[in-house]
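After this come two complexes, each holding subunit A, first together with subunit B and then together with subunit C.
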Partner chain A sequence: MGDINTAMAEQYRNDFLKEVEANVEDGQWVKMCMQCGVCSGSCPLGPAWEHPPQEIFMMIRAGRRDEVLKSESMWMCTSCYNCIVRCPRELPITHIMHGLANYAHRLGLAPKMNPTRRFAKKFWNNLAKTGRVNEIELSVGLYFMDGFKTGIARAWAMKDIGIGMLKAKRLNPFGFVTHKGCKDKKGIQRMLKKAREIEDRRKGFAA
Partner chain B sequence: MADVVATHETIVVVGGGISGMTAAVEAAETGKNVILLERAPSLGGRVSQLYKYFPKLCHPTCGMEINLRRLRGNKRIKVLTQAEVRKIEGHAGDYKLSVTLHPRYVNDNCTACGECGQAVSAEIPNPFDYGMSRMKAAYLPSLMAYPQRYVIDPSILGTADAEKAKAACKYGAIDLDMKPETITLSAGAVVWATGWRPYDAAKIQPYGYDRFANVITSVEFERLSDPRGPTAGRIVRPSDGKEAKNVAFIQCAGSRDRNHLKHCSRICCMASLKQTTYMREHFGDEAQSTIYYIDIRAIDRFEDFYQKVQADPAVRFLKSKVANITEDEATGDVILHGVDTEGYHRYDNRHDLCVLAVGMEPSVDVRSIADVRVDASGFIELGATDGGIFGAGCAANALDVNRSVQSATASVLRAVQVVNRVAKAEG
Partner chain C sequence: MARKEYSFYPGCSSERLTSASNYMVSVEAMCKKLDVQLNEIPDWNCCGASIGYAEGGELPRHVMNARNLAISEQVNKGQDVVATCAACWLGARETKDRLAHDSDLLAETNEALREAGMNLQYKGEQEVRHMVEVLIEDLGYDELKKPVVKSLEGIKFAGYVGCQTNRPFGIVGESFENPKYLDKLVEIVGGEPVEKYDQKVTCCGGALAFSEPEKSQAQIKKIIESAYDHGAEMIVTPCPVCQMNVEVYQGQINKRYGTKFNMPVTYYSQLMAVAYGGSAKDAGLDGQIIRARKLEEIAAKGAR
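Moving on to the complex of A and B:
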């Protein structure tokens, strides 16, 4: 077959559902959706989603791989669990959304500038380094991720909350230098590395 | 109860609704002796509380009348009302049923003249109208009640009202000293036809049945539509009595939901389609019915009924399971929120009244009474026991009237085989 034929045939390849079942956490639940729509209607951030969960499930079944994986939608999930509680078939919708987001990220298809993705990355790197979150480093990093000027503006807007947290001793202002992390940092890092290797092998991600 | 004779060849039918009455009549007409037990003071069950039944839209009083005529004319049937089965022990051909007979406080002399009802002043919620109306504490359960005898509610015992009722009776029919009694009945086979109850709509938290006056259930809507119901057949809102011309019907309210009832209750789609015809009957072209559904299951030959309703411009179908309901406090209107599956459009739709098409669940947990196997929803499994206890009607499955009658007849055929075997063995 010529290249054009292959390319055309590729459009109609419909194994995305199987791909999701194999690689996305809780992906095997997607086929259980009966399209009642109660998840979409129950989502407090619903109006902000381009494709509500119910539609995402249908798009997966319709094989619209690129549209799903490049979507901002599943990054909107705030884990309120309203959908899971109400789903008549008990689909773990929140977990599937996070699973899809993670899968899209690992494939490098997730929208690069999505703020949730950027925050998640910062959080993970911060946590993985010492086994415990360094709060001052994380929040300052978050404020300044779009440059110095916006960082100052954000920090200024949040100053009352910050001062309140300092007074209540919920935030250590010297965390940059005094943050200790866990006892066996190297052990934790080795463990995470090993887990990553296993996942990569199982799901066929390039190492 | 010395006049109840029961042997190993007797068939006991538990439940006096459409299934139980059918079973009793069918068994008796094959020549078997039958005892029909009913927990309520009157036969008829849930079907008698309907305004009309589908698909022919005829009135249940008609079928009730035919069944009562067959039942009264048959000497082989003994009817015991206010009878509750506590325990069934034994095996096929030799069962012992422990039955509690609750007192009616009215004996056979009653002519249903109604003098006691007029004498009494205390009022209680009327269960026939699902509590939407109140009635005197000395009452006839319904116009079609069988037996046609009044009942004194135990709540007025020991009060002046009870004495007034007794004094008003010209026939000496009121006996306030009646006590509950427990009897033991023998039976060769048992037909268990205890029927269904509507799922408790208050458990579906996002729909606010317990919070909003204008969210009602489908069985309550039947009573609203009935000319003999609490509103004399006017379809009005419970909150302010305003005519409800714009009504939302929510399907699968409790059914097909692992948080509530796992099964499809089968009748609710047809029930709501039927209820849209009530809307047209009452309001003509001004009627607005909206059915919110996952998919319409107008089972079997009812597809043409569905198509007829679809062709009615006063009925709108919206493919979506409603996420939640809020109330506009100023007007009492209900607002339904959700996302439409056909196009994923978000909606916030205002209606005068919302009817929840609630699911069916078995009215009695039979496992604590008899040794039978039930399915995940509590319905008696067909042929699951080698014994002589057979589920019939809605005790066996979520069924409409037509199928309940078929199920009852099928169970009777099995019960007759059991007692025939016993008769042969006893010679």
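Moving on to the complex of A and C:
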């Protein structure tokens, strides 16, 4: 991963905007931002962003590559789409933030311990395994991702919710074994592998 | 033959023993009374949800949605695709929009699709709609009122629309800032909507309820607090993530903030299932963690 990062930085030397336009989902929109700040004011987690969206857009244009890609900011996006519907220039801001976070993650620059990055990775791997989400495996996997001891503590903190869900028959205690997922699991896995290959080729990630 | 037929995309949280299985139960009861037939897309897969972006990237997410739509085109010919889950609808519809405007992405999608079984090719023939759209646009409020046999009179509901049923696509004719359809649905079943519910379209934190619990619970607190402030006895929502987040974290919020929240959070389809004469079980009310007692009482009574 580190090598791909170096290669990208070399290729787009001094022009981070060009790099974003080429490799980030909807990146070609970044230059359209007029710095009004409506996105930042509309974000439900606005105050938690070290650099709110309009600042990120300006930083991209200013070539502050490391600061942008290593930032926790984009990982605060809840996918509420407030910024998208309110942006006077109709920038697909939510998608750009997702795209930046994904790009930083792929380059290995995203903050390693960011909880949303870790959750998102687990979520995708969970659904990609059988084609459908296995909720019990996902939640238990999340509690125990930092080892057994912290896992027990987290599971204990969540026990009332877990018991409530079990009683309401909205959680399958045997889901580890009984979750079936899609019939065409193998086909879905092949399909996703192919999609990743194509995308990697297009975005220059391919080795 | 049923009055209306749709190609149905239920989604992961609708399966038996999952987080929104009660939503599914009530949708089945509601559709039966409305004579709407839902033909499940065979072997459908996850939409990737919003949070899938980080690891999934762009094309793999679109390919997942395109697989469902391609199966639907092949099996449920000539029908619109309908999703009950906000995220499923958003994901599928976003893919449809993207592929309609990007022929390279479409070609890449179909190249990947060929790796899956069933000899699939995505053409983009079918519309992708949310259940609420279908109810309002294809049936209309008058038709939705006809099967009502029990009024939910005397219950005040805070209509919590949330994010993804509302943005970025939303329901045609509704505003992003103050959509009215949920309040209208409450009215047709005889309930009283909170007119000035100011947290109607506030974000519950979505997937960040898992990863950033403090920040999300601050959001959820606002949503519930405003419902109480306006005299609501229940919250009603069209979204499985909203329902779960707003219902299940009330205990933790009470501990964190010293509040005494105990507010039932229901689905529009549960209200309709009860008003249409269904039992508490038909309406999935046994799936509430915070029991919706007033609805249960009405469901237990004989029809007028």
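Just so it is clear, the second predicted complex is superposed on the first by the 191 of 207 C-alpha atoms of A that agree within 3 Å, B and C clash if a C-alpha of one lies under 4 Å from a C-alpha of the other, contacts with A are read in each partner's own complex, and residues count from 1 in each chain.
To be clear about the criterion, a residue touches a chain if its C-beta (ideal position, glycine included) is under 8 Å from a C-beta of that chain, and two chains touch if they have at least 3 such contacts.
A quick note: this is a predicted structure, and the numbers were derived from the prediction, not measured.
> Is this a clash or a fit when subunit B and subunit C both end up on subunit A?
Aligned on subunit A, subunit B and subunit C fit with no clash.
> By residue count, is subunit A touched more by subunit B or by subunit C?
After superposition, C is the partner touching more of subunit A.
> Determine, under the contact definition given at the top, whether A:Arg118 touches first (subunit B), second (subunit C), both, or neither.
In the superposed model, A:Arg118 contacts subunit C only, not subunit B.
> Between subunit B and subunit C, whom does A:Gly131 touch in the aligned arrangement: first, second, both, or neither?
second
> Could you say whether A:Asp160 touches subunit B, subunit C, both of them, or neither, answering first, second, both or neither?
After superposing on A, A:Asp160 lies in contact with subunit C but is clear of subunit B.
> Which holds for A:Gly108: it touches subunit B only (first), subunit C only (second), both, or neither?
In the superposition, A:Gly108 touches no partner, neither subunit B nor subunit C.
> State the minimum pairwise Cα distance, in Å, between subunit B and subunit C in the overlaid complexes.
For subunit B and subunit C in the superposition, the minimum C-alpha gap reads 6 Å.
> Taking the two structures together, which residues of subunit A meet both subunit B and subunit C?
85-86
> Give every residue of subunit A touching subunit B within the complex, in rising order.
Answer in residue numbers: 34-38, 40-42, 46-47, 51-52, 54-55, 85-86, 88-90.
> In the complex of these two chains, what residues of subunit C are touching subunit A?
Interface residues on subunit C, with respect to subunit A: 12-13, 15-22, 43-46, 48-60, 62-64, 67, 108-109, 111-113, 115-118, 163-164, 167-168, 170, 176, 202-203, 205-208, 210-212, 215-216, 219, 248-249, 251-252, 286-289.
> Where on subunit B does subunit A make contact in their complex?
206, 252, 256-260, 294, 319-324, 337-341, 344, 346
> Using the touch definition up top, name the residues of subunit A that touch subunit C in the complex.
Listed in rising order, the residues of subunit A that touch subunit C are 25, 44-45, 48, 76, 78-82, 84-86, 94, 98-99, 101-102, 105-106, 115-121, 123-125, 127-128, 131-133, 135, 139, 142, 160-161, 164-165, 167-172, 175, 182-184, 187-188, 190-196, 198-199, 202.
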